[in-house]
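There are two complexes below, and they share subunit A, which is joined by subunit B in the first and by subunit C in the second.
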Partner chain A sequence: MSLRRYAARRLAIGLVQVLAVVTAVFLLVQALPGDAAVALAGDNPDPQRIAQIRAAMGLDRPPLERFGDWLGGLARGDFGVSLISGRPVAEFLHDGLGPTLVLAVLALVLLVPLAVLLGVLAALREGGPVDRVVTTVTVGLHSIPEFALAVVLIALFGVQLRWLPPTAVGADLLGQPAVLVLPLVVLVARPLCSISRLVRAGMIDALASDYVRHARRLGIGVTRVRFAHALPTALAPAVQQVARTTDWLLGGVIVVEAVFVVPGLGTILVDAVAGRDLPVVQGLAVVFAVTTVVVNLVADLLVFRLAPRSVAIA
Partner chain B sequence: MRGVGWLLVLVPLALALVGPLFVPAELTRGAPFAENSSLGTDFVGRDVWHQVLAGGQTVVLVALLATVFSYVLGVPWGVLAAMTRLRIVDEVLMRPLDLLLAVPSLLVLILVAAIAGPGLVVLVGVVALVNFPDVARISRAAALEIAGRPALEAMRLQGETWWRTSIVYTGRSMLRTLAADLGVRLTGALYLVASASFLGVGVAPDAADWAVMVDRNRVGLFLQPWAVVVPALLIVALSVGLNLVFDRALRAEART
Partner chain C sequence: MHPLNRRGFLGLTAGLSVAALTGCGAAEPTSSASTPRDGGRLRAAFAGAGAKEVLDPHLANLFVEAARSKALYDKLADLGPDVSAQPRLAEKWEPDAGLTRWRITLRQAAFHNGQPVRAEDVLASYARILDPARAFRAKSSLALIDLPNSRAVDERTVEFALKRPFVEFPNVLAAFGAYIVPAGTEDFTTPVGSGPFRFVSFEPGKSVLLKRHAEYWEGAPHLDELEFVIANEESARTNALLGGQVEYAHDLTPTTARSHAAGDRMAIHRAPNSAVQAFAMKLDRPPFDNRDLREAMFLLADRAQLVESVLAGSGQVGNDLFGKGYQHYADDIPQRTRDLDKAKFLIRRAGAEGLTVKLDTSTAAAGMVEAATVFADQVKGSGLTIEVVTGNKDSYWSDTLKNGSLSSFRSGAMPIETHVAQRLLSGSGTNVTKWARPEFDALYDQAVSTVDAGRRGEVYREMQRSLHAEGGYLMWGFADWIVGAAPKVGGISTAPANTLDWARFDKVWLG
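Entry: the complex of A and B
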């Protein structure tokens, strides 16, 4: 299959995926007990008042009709307006995207070179002290809950030693880089483990393969064989994991945002679910689904380039 | 190194399972975030040490139960998809799981928990639901490999029953793959349960639970750090220890 045909097919599947995710989220939010009208009516809900608010918001119309309207608006690039504040949903997304993007981009810039470096170092000295230390640390820290790690780091560096600010409350993220240090350490810790282990395993396999031995026999230098021939193949499995990480980072890292008080997409999501603000939740679901599809598409095309065989068979 | 992994697992595990027995019947209430003879008091003035003793049970049990349920649901699902001769059944079973994987797991958790209300049963269900697509995929891949083996072909030709070919033989051959996957699932479930409790999903806001303790006592971090640091360290120790123990077991298994 050619690269272009493969890309076109994946894009079509991706569109269906986005639609399905959005429908699923719509149904789930429909099933939430109480709606925005109840949330707005306050502590002393008067049934008549709730009915009034509901009619004003159009919540008394059949769900299918509302879903159709919303999809129609989406096709025109209109995400609708928040039920709670009346602000356009696009503004919410725009506000949250900034901090989320800052964290995601910086985390990836730190993560990828570091993970590749650690993985390659461990693979080149397989079984040696460097490998054993790197492996133990990456195995141990794998899937450690971020909030626990974050809180321990805050207690140590923010409260006890007072080297770094404990949270990012009200701070301009790019203006005060110090507030970014702890969140980035926490964000990078978990994916660093999985990615560097994949690079290590891929590199060990590649170095032991026939084509690398053949290249050595042809008289190509060690460094060139390692980095120009073995490394690209070794990176293929890691690319998928980087894609999953990117997806996770762009989905608003809810827990890290909550601990460090960063007003990103995750915080907006938690608030919107609590307030039953359906259009905002829906808009966020669209953004998350689209990023998932795009990121995975880019990753698959990259793998196709790095190791054409692996996709051609599947 | 062997001892470290076990030590890291056993201390929190013992606290979680035996701890509740040592909590005194009548709880003392004092001023919030104050000093006392042990670890001080928490955000409503309860003794932090008593809360630590009582708070591990939910985290550990919910993670264990959720892992068990994701296997109970995922393994038959994957085996069915792999063993069926109808391609459409395979597609119908596996395609929706791709969608589930495309939704961020914490989004699913927050939405489902908001619909079903708080409760440990809900938390077990949601974490199992989030984990089961991966289990189903791994089971399907493992069963597909087994289904193509000459041994199974021979059993079919001999006229062995469906029960013996598809369940007994396949199940036994899959055990090794599933056991290798168990450690990843268990730490994954622990991660989700702890993160969900931290976000206040599925548990009462004043519950005696390590993750809830970390969340609620954060405001007093400057006054009374133990109320936050002790439960957080216990969760970290449990997670790191589980990883190390399972990884060692896997490598020992690979060598034999």
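Entry: the complex of A and C
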């Protein structure tokens, strides 16, 4: 099967997956106690008022009918409107995607070269002091949960020393890049370990492989062998991990968004679920599902380019 | 004794904050919070609800929306420090002898576009709230207005017809969300109100920027600009304040207040009597249909310990009655204290020995789960066992209105009359304790049709005596509302949350 046909088939399967996710999300939100009217009424749950809110929101229509309408709209590229504010869901997604993308892209730009560099360095000095230091530091960072690291960094650099802004409250992320420093450190800290460890392991394997030894015997320079022959093979397993990390970052890392006050997709999701704002939750589910499908497809295609044998295209 | 205690407490907090402010002024003579100064931008951090926030004041639901609505708009009346209605856009109100026709005179005020606030705008705003096809929060409060028979007498006089005699009509004018908007407004993307600040820009879930309305009828605000920013996590609001990113952080926990009270980077402002903390027993079903068992519960609560542990001391004990310190509060009823022996006796007499009762709670409001846990512990050894059940926070209030027999409860400030009307009459929409007594309903009708304030107060006291003796609310404490601000910020009031002077940024200045 050609690569193109493989990609097309994967996309078709992806479409089915997205539909399945959206349906599951719809059923799950239906299963949650209370609906948008109950959540909005809050501590003033007069049944008469809840009934009025329900009617005003159109929640008195059968759930399946509402879901069907929403799916129909989706096919035309219409995500529907928020039950609570009446604003188009597309606006919510657009507002939340900006901060999430800024964080995700910058985190990846920092993370990937750094992790590869550390992994390669450690592999080339396997068992040496550099390897040990890199291993200790990255594993140490990996063992700290995001919120704990965030709280410590904020207390130290934001509040005590006042070197960096403790939160991004009300800030324009790209206009005031200083607010991005602490969140990015927190986002990079954990994946740095998993990716650099995979690169290190892959690199050690590759360096010990027959083809690398053969290339050396052919008289190819050591640098060229390392970076043109060994490294691509070594990167293949790490690419899958980068894909998982990308997926995690694009989902809006809720803890980081909450602690640093970055109003991205994660924050919107939490608010929408708390408000039972079903169209917004479904819109986010579509975005998250599409991201997952696309990121994983891209990763597989990339691995195929790097190390054709490691992906079985059947 | 108790009013003295309360005043003593109020005086003490006021004294402390003045001491803190002058102390700061003495250290830094150039930035003093004690003398009002004009200018500057104040950034205020509130919890929000993300991008679903709206600027339509009639849809206001959250604290941040209430604070923004107050900055942009006015109501005809609002609640004063004792939670009684005070005139705002209404200069005065006069009922007829039958209390069913009220003549409201508007003060000379203008919207931000220069248009005067007219009788027509008032009627149109109320008509919008009362629209049968919609569900605005103030609708149930305004429902007793007979709108078709109300009219604009002239440009600045409205005559409201009511469906029944109601002497507390000013409470309706002060209802949450009953703001006056220019007639015909449906688009709130660039809101135009008559409030102390004009609209500049809005990013949902992130910030709202307002600027001084120099021609405000009550005098121009001190601040040039006011920016509301959203930070849902309390720790983030605290950090933003400590890091100098905001000058005002709304709704902090007692723990934060305690740890920063002595520092020089944050001034703590406490508004006593802002939120009542309680347990609600349902009277229409076992086991709390038994009066002895309810009294036993009242006697089992160690209120001082609950205030100390749950509110970290930032509050006062309650006496099972709503509205401590508010107008018409029955402060002559002796304070209940823990009496384990009598409680045991009452539990035996009720035949409830060995009974296990489920206490429904959730994290829908701060401190509720903690209070339930502490109370369950206090009940141990009485013969009764309380099992704490933590439910879903988003649907909590609606769930506990219908289900269970015992639940955590909290409420913000409102006039005692409103509390009774919403929660304690046979036909009340949110009657969580299922207190439904024709003779109590009759007392309420009598109170709200009694013109003489002294006699009316006596009826309110009688109602409270019966609630205290037999009611279903175990109101154990009143939490302070805690706000953090930069030490240079002056003019922050300690009036209860939800009243006129709470979050009143036109009176605040940057020293």
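Rule of thumb we're sticking to: the second predicted complex is superposed on the first by the 310 of 314 C-alpha atoms of A that agree within 3 Å, B and C clash if a C-alpha of one lies under 4 Å from a C-alpha of the other, contacts with A are read in each partner's own complex, and residues count from 1 in each chain.
Criterion: a contact is a pair of C-beta atoms (placed from the backbone, for glycine too) under 8 Å apart; a residue touches a chain by one contact, two chains touch by 3 or more.
None of the values given here were measured: they were computed from a predicted structure.
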Fit or clash for subunit B plus subunit C once both are placed on subunit A? clash
Applying the touch criterion given at the start, work out whether A:Gly73 contacts subunit B, subunit C, both or neither, answering first, second, both or neither. neither
With the two complexes superposed on chain A, say which partner A:Gln17 touches: subunit B (first), subunit C (second), both, or neither. first
Should A:Ala258 be classified as contacting the first partner (subunit B), the second (subunit C), both, or neither? both
Let me test your reading of the model: by the given contact rule, A:Val139 touches which partner, first (subunit B), second (subunit C), both or neither? first
Applying the document's definition of touch, where does A:Val151 land relative to subunit B and subunit C: first, second, both, or neither? both
Would you check which partner chain A:Phe92 touches, where first means subunit B only, second means subunit C only, and both and neither mean what they say? second
Contact-wise, after the overlay, does A:Ala31 reach subunit B, subunit C, both or neither (first, second, both, neither)? first
Subunit B versus subunit C as contact partner of A:Val159, first or second or both or neither: both
Just to be sure I read the superposition right, which of the two partners does A:Thr292 touch: subunit B = first, subunit C = second, or both, or neither? first
As a test of reading the superposition: which chain, subunit B or subunit C, is in touch with more residues of subunit A? C
Clashing segment of subunit C (vs subunit B; choices 59-67, 77-85 or 257-265) is 257-265
Subunit B and subunit C footprints on subunit A, overlapping residues: 32-33, 151, 154, 159, 166, 258-259, 270
Sites on subunit B touched by subunit A in the complex: 1, 98-99, 102-104, 106-107, 110-112, 114-115, 117, 184, 187-188, 190-191, 194-195, 198-199, 211, 214-215, 218, 221-222, 225, 228-229, 232-233, 235-236, 239-240, 243-244, 247
Can you name the residues of subunit A that touch subunit B in the complex? 17, 20-21, 24-25, 28-29, 31-33, 136, 139-149, 151-152, 154-155, 159-160, 166, 248, 251, 254-255, 258-259, 269-270, 273, 285, 288-289, 292-293
Please name which positions on subunit A make contact with subunit C in the complex. 32-34, 38-50, 52-53, 55-56, 82, 84-85, 87, 91-92, 95-96, 151, 154, 158-159, 162, 165-167, 169-171, 258-261, 263, 267-268, 270-272, 274-277, 280
Taking the complex as given, what residues does subunit C use to touch subunit A? 43, 45, 49-54, 61, 133-135, 137, 139-140, 203-207, 227, 229-233, 235-237, 239-240, 242-246, 364-365, 391-395, 397-399, 401, 410-411, 422, 429-430
